[in-house]
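Below are two complexes that have subunit A in common, paired first with subunit B and then with subunit C.
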Partner chain A sequence: MLKTRICASVVCLNGVAVQTRGFTFFQEVGRPSLSVSYFDRWGADEIFLLDITPSDHSQLPDFKLLRDCACQTLSPLAFGGRIQHVDHAIQAISLGADKVVINTAAVSNPDLIVKIANKLGSQSVIASVDVIAGESRFEVYDWRDSKSTGLPVAEHLQRCEALGAGEILIRSVEKDGSLEGFDLELVNEATEATSLPLVVSGGVGRPSNIAGLIDQFNVSGVCIGNRLNHVEHCLAVIKSALASRTNIRTETLAVYRDHQLTDQGRLLPLDDDALHELVYERFVKEVI
Partner chain B sequence: MRCHRCLYPETHPLGISFNQDGICSGCVIHDEKNEIDWAEKWNDLQTLVAHYRSASGRNYDCIVPVSGARDSFFIVHTVKNLLQLNPLCVTYNTHFNTTTGARNLARLRKVFDVDLITLTVDPHIVKKITRATLRRLGSVQWHCIAGQTVFPVQVAARFKIPLIIWGAHQGVDQVGMFSHYDEVEMTRRYRHEHDLMGLEPEDLLCDFDQLSESDVESLLYPEDELLAQVGVRGIYLNNFLRWDSKSQHEEMIRLFGFESAPRKSTFDLYRDIDSWVYNGLHDFFKVVKHGYSSVLDAATRDIRLGHVTRSQALGVVSELTPFECPDAELFLNWIGMTPNGLQFIADQHRNPEFWYQEVDGNWVFKDPLEFDLGSVEKSFAAPKYLLTRPGKSSDPADRFILFGRGVE
Partner chain C sequence: MNGPSTTIIDYGIGNVTSLRNSLLRLGYHRVTISGDPQTLLRSDFVILPGVGAYQACMTAIRSADLAQPLNEYVLSLKRPILGICVGMQMMVEDSREFGLHSGFGWLEGSVHQLKQTSNHPLPHVGWNDVLWMPSSAIDFSSLNGMNFYFDHSYAIANPSQNQIASTDYGGPVCAAVGRENVLGVQFHPEKSQTAGLRFLRHAIEGLASC
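Entry: the complex of A and B
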């Protein structure tokens, strides 16, 4: 049985890693390469490096950003942002990305997915879908125009699958940065619409958000964004909370084996006696 | 561009963003202070620290990093008297100590009745490190921040005291890097980029600077496995209290005799008065690299808190920002450099965004903080800060103090 991937997203605006809330409020966090380096160290199963810098179609993807980040991690790296041509995808893979993420082009230039899948394989193409709740259904959101495209999500997911995408990264716009948990109705619709591996993003605030999702749906992975910047070793702490409940990878330098967490997912201390045991190294007196 | 409400520029080194009204993320996050239910936050804090109270009394409940200034009195008062915890205070010796700082640190121990551990790194090594950071980063403060941010973590890991209680998170306080609702905690990642300017101690190793592994040993961050084993956590009080540094210091002056001191390049008489270097040389290097100095930080803080208006602050900031290298005789003697040498280093780090060099070699500041005041009448007035009477001690008042008595 495949393990559930606990992934990290590093969203970049003008070369700076940012936190995002509802796709409108951005708070600069720092250098993307440092974020990537630390998330890898903390145990990310995969890292999504997503460049959301607005630009016109003539601009190339930010390969410098990719190059700076790819050398900081040994975890699988997915790169997205302004990929408009199969040559961009080839260049990205040769610079160290394992997969490319296609977002707006999946709507405006669906042939791109076909070409990349033919050239590099379906496993190299992730169709990223931002979703907003329309009047009566979930619709695909265009982040550049900040409005719905009117496309029903289920239809779009099925088209991406038919075009040859290898997996889907799905994100709720309303839940983005909310720390309230995933939009489970959306996940339900997505899992019913496509059989492709699904990575869910948008809204993780505490480990129970992830546990709740994995309990109900067979998703391939979850992607955590803002929350990873709030706490030391965040991914390792979240994984320690999930380890007993689900099949996840726990190889990381910092393993929080014996710690409990609060409901909000914050670390609780070991009890007095356990801490006291750590203070001294005990040598048992040898009795002959 | 500059924030329309405070004075922070878009070039702020921590990273800053602006909304459609030209208000910066720092001000947006500051406004949360008016919405947050602080009584509920205080309860949350009490619940949090209750987990860390040592049931057996065999160990300290938490670690509190302190110094002779910077809200230390307020933090210890909150932790010891209000939260009723038993803290172990730790302090990193910056070597640049003023006699006021030495007296405040001594007084802190007495009035709060706390245990205090100090780390004083070998002066020879500190000087080598500072020469290296001056050369590579244009920073005279680097070793101070490195020590102040790592020593509490080392003590937490070694003595198995998991909770560290800090005052204000600089990213939240200055640029709104995180929301108060995020309750952001201490991370090595933040320290690496924003406190240490991208260079950890390991990255300083260099034959040219004559720095080897043993030289930086005292500033190394504990291993991830050790931090995880102990469960080290650093929390920030400004996520749980309505943080107002000026008012807090004044309460500490009133209740506990905290000493303030006159300053040359800022109107804030409370912060960083324990350091000869911070207001002065460090300010000058900040202007060289970032186009502003700590008086602008103080003005922004006080504008947001309502202690001064933006137009009042403008003139004071223009007047007090050091555009030329101040008298640095004490520092030069300490580190073993000439004034020309220091000027040479400063010139290597001039940010072309703010400075240009004339034909004769003089450096000129591009934007002399000429703000568009519009029709607002120019009324320049600094917020009123209390200057206490200097205490008495046997420490010299005219030089760096390596180890002060703080009392007569």
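Entry: the complex of A and C
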């Protein structure tokens, strides 16, 4: 059975991984390649490396960032940021990305999705859609202009599908970095609008947010951002809270099934007896 | 010690960088990424990657003058070859993706689109558990139940007795085929983390002794 992907996003600004909140507040986290390395080892089913460094149209995608990160992971890697030409996509794939993420170009230059899909296959193109609630409907958000494009989301998703995108990454601007949970109304609209595999981003605060989403909707995956930072084994801990579900992949060396978690999905400290046992326990490193 | 002299076929399509990274992590250092027929014919082990459209891949291989050397390597020299994703699909007779296109025909079978339903959209993308068959010449049973990464809309529909692994996506899906020196997997071992590394170790060691 296909597992629901629990993905990690590494958002980068000027070469530094950052936390974001509502697409306006950016707090530095550290080296992106380190985040990628940790998330890969701690159980990420896929990593989205998203470069939000603003630029004019003449600037190439940050291939150095991609190269530094791609060698740190043995899991699927999607790369986005300033991909404006099919040659950018080809180079990204050759440097180790599996998929390219197209955001603003899907609105301003939809032919790009067609060209990339024709050259590299639909499975290599993810259409990334940022969404804000307009007066009466969900609309596509332009993160560079910090305002709504006025485009209805459902229409845009259908267009991306028709152009040849293989997957959709959908993100609520309001929920971004909020730790409040996903915008389920938006998810509902997205699942109705498109038959493509859907990865939902924006708002994860605790494992129950993910459980609530995947119990209600048949999504392909969820993407976690801020919640993963500054927490050792973050993904392994989050997945352990979802371990009773058979549709989650849990294959990391670090396993937390026997541990107690708080409502927030954080680990409770072990008692002294348990810690004492650990001193004498031998962990043999797997040699493949 | 450094493993067999391995060539990852470079014909412009496929994630060769990640494949090389995986092999290096396993301690196989004699790895070349090359589209040169002579390099291919001198290799002890060949990996044939492939993503995207079947016809585009077959056309690119023919344009790179690699079709005849590959046939010689596989059928005359009978040395080991591992096909990944579309690389595996090219090993069978033909594909029905956007028309009818012929493959190498080293194994029986043809490639058809997976069945799409509302519960099973295409592509089949993500991690899925794979069941390995006891009939396989190489023993992959220690990998049973582990998840591997898939990303495809087409699969080998009738692999016959050459099928050595399956997964489930709205019905059984051929995950691997193999016979003698030919081995193919639908999933991406270079993107399947620990499971992928373990598979590559078994595959390379297993094929080396075939």
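In this section, the second predicted complex is superposed on the first by the 266 of 288 C-alpha atoms of A that agree within 3 Å, B and C clash if a C-alpha of one lies under 4 Å from a C-alpha of the other, contacts with A are read in each partner's own complex, and residues count from 1 in each chain.
By our rule, contacts are C-beta pairs under 8 Å (C-beta built on N, C-alpha and C of every residue); 3 or more make two chains touch, one makes a residue touch a chain.
This structure is a prediction, so every number in the text was calculated from the model and none was measured.
Undergrad: Once the shared chain is lined up, is A:Val16 touching subunit B (first), subunit C (second), both, or neither of them?
TA: first
Undergrad: Contacts for A:Leu275 in the overlay, against subunit B (first) and subunit C (second): which applies, first, second, both or neither?
TA: A:Leu275 contacts subunit B only, not subunit C.
Undergrad: Applying the document's definition of touch, where does A:Ala165 land relative to subunit B and subunit C: first, second, both, or neither?
TA: Once the two structures are laid over each other on A, A:Ala165 reaches no partner at all.
Undergrad: In the overlaid three-chain picture, which partner chain does A:Leu49 touch, first (subunit B) or second (subunit C), both, or neither?
TA: A:Leu49 contacts neither subunit B nor subunit C.
Undergrad: State whether A:Arg31 touches subunit B only (first), subunit C only (second), both chains, or neither.
TA: Only subunit B; A:Arg31 stays clear of subunit C.
Undergrad: In the superposed arrangement, does A:Met1 touch subunit B (first), subunit C (second), both or neither?
TA: In the superposed model, A:Met1 contacts subunit C only, not subunit B.
Undergrad: With the two structures laid over each other on chain A, which partner does A:Ser75 touch: subunit B (first), subunit C (second), both, or neither?
TA: The second partner, subunit C, only.
Undergrad: Mind working out whether A:Leu196 is in touch with subunit B, subunit C, both or neither, as first, second, both or neither?
TA: The answer is second: A:Leu196 touches subunit C but not subunit B.
Undergrad: Of all residues in subunit C, which touch subunit A in the complex?
TA: Within the complex, subunit C contacts subunit A at residues 13, 15-18, 21-22, 25-26, 51-53, 56, 116, 118-121, 123-129, 146-147, 149-153, 168-169, 188, 190-198, 201.
Undergrad: Under the stated contact criterion, what part of subunit A meets subunit B in this complex?
TA: 16, 18-19, 25-31, 34-35, 38, 41, 179, 226, 229-233, 236, 253-256, 259, 266-273, 275-276, 278-279
Undergrad: If we count contacts the way the header does, which residues on subunit A are in touch with subunit C in the complex?
TA: 1-5, 40, 45-46, 70-71, 74-76, 93-96, 98, 119-124, 166-167, 195-197, 218, 220-221, 249, 251, 286, 288
Undergrad: Touching residues of subunit B toward subunit A in the complex: what are they?
TA: 14-17, 19, 25, 28, 48, 51-52, 54-56, 58-59, 159-160, 162-163, 175-179, 181-190, 192-194, 198, 223-225, 227-234
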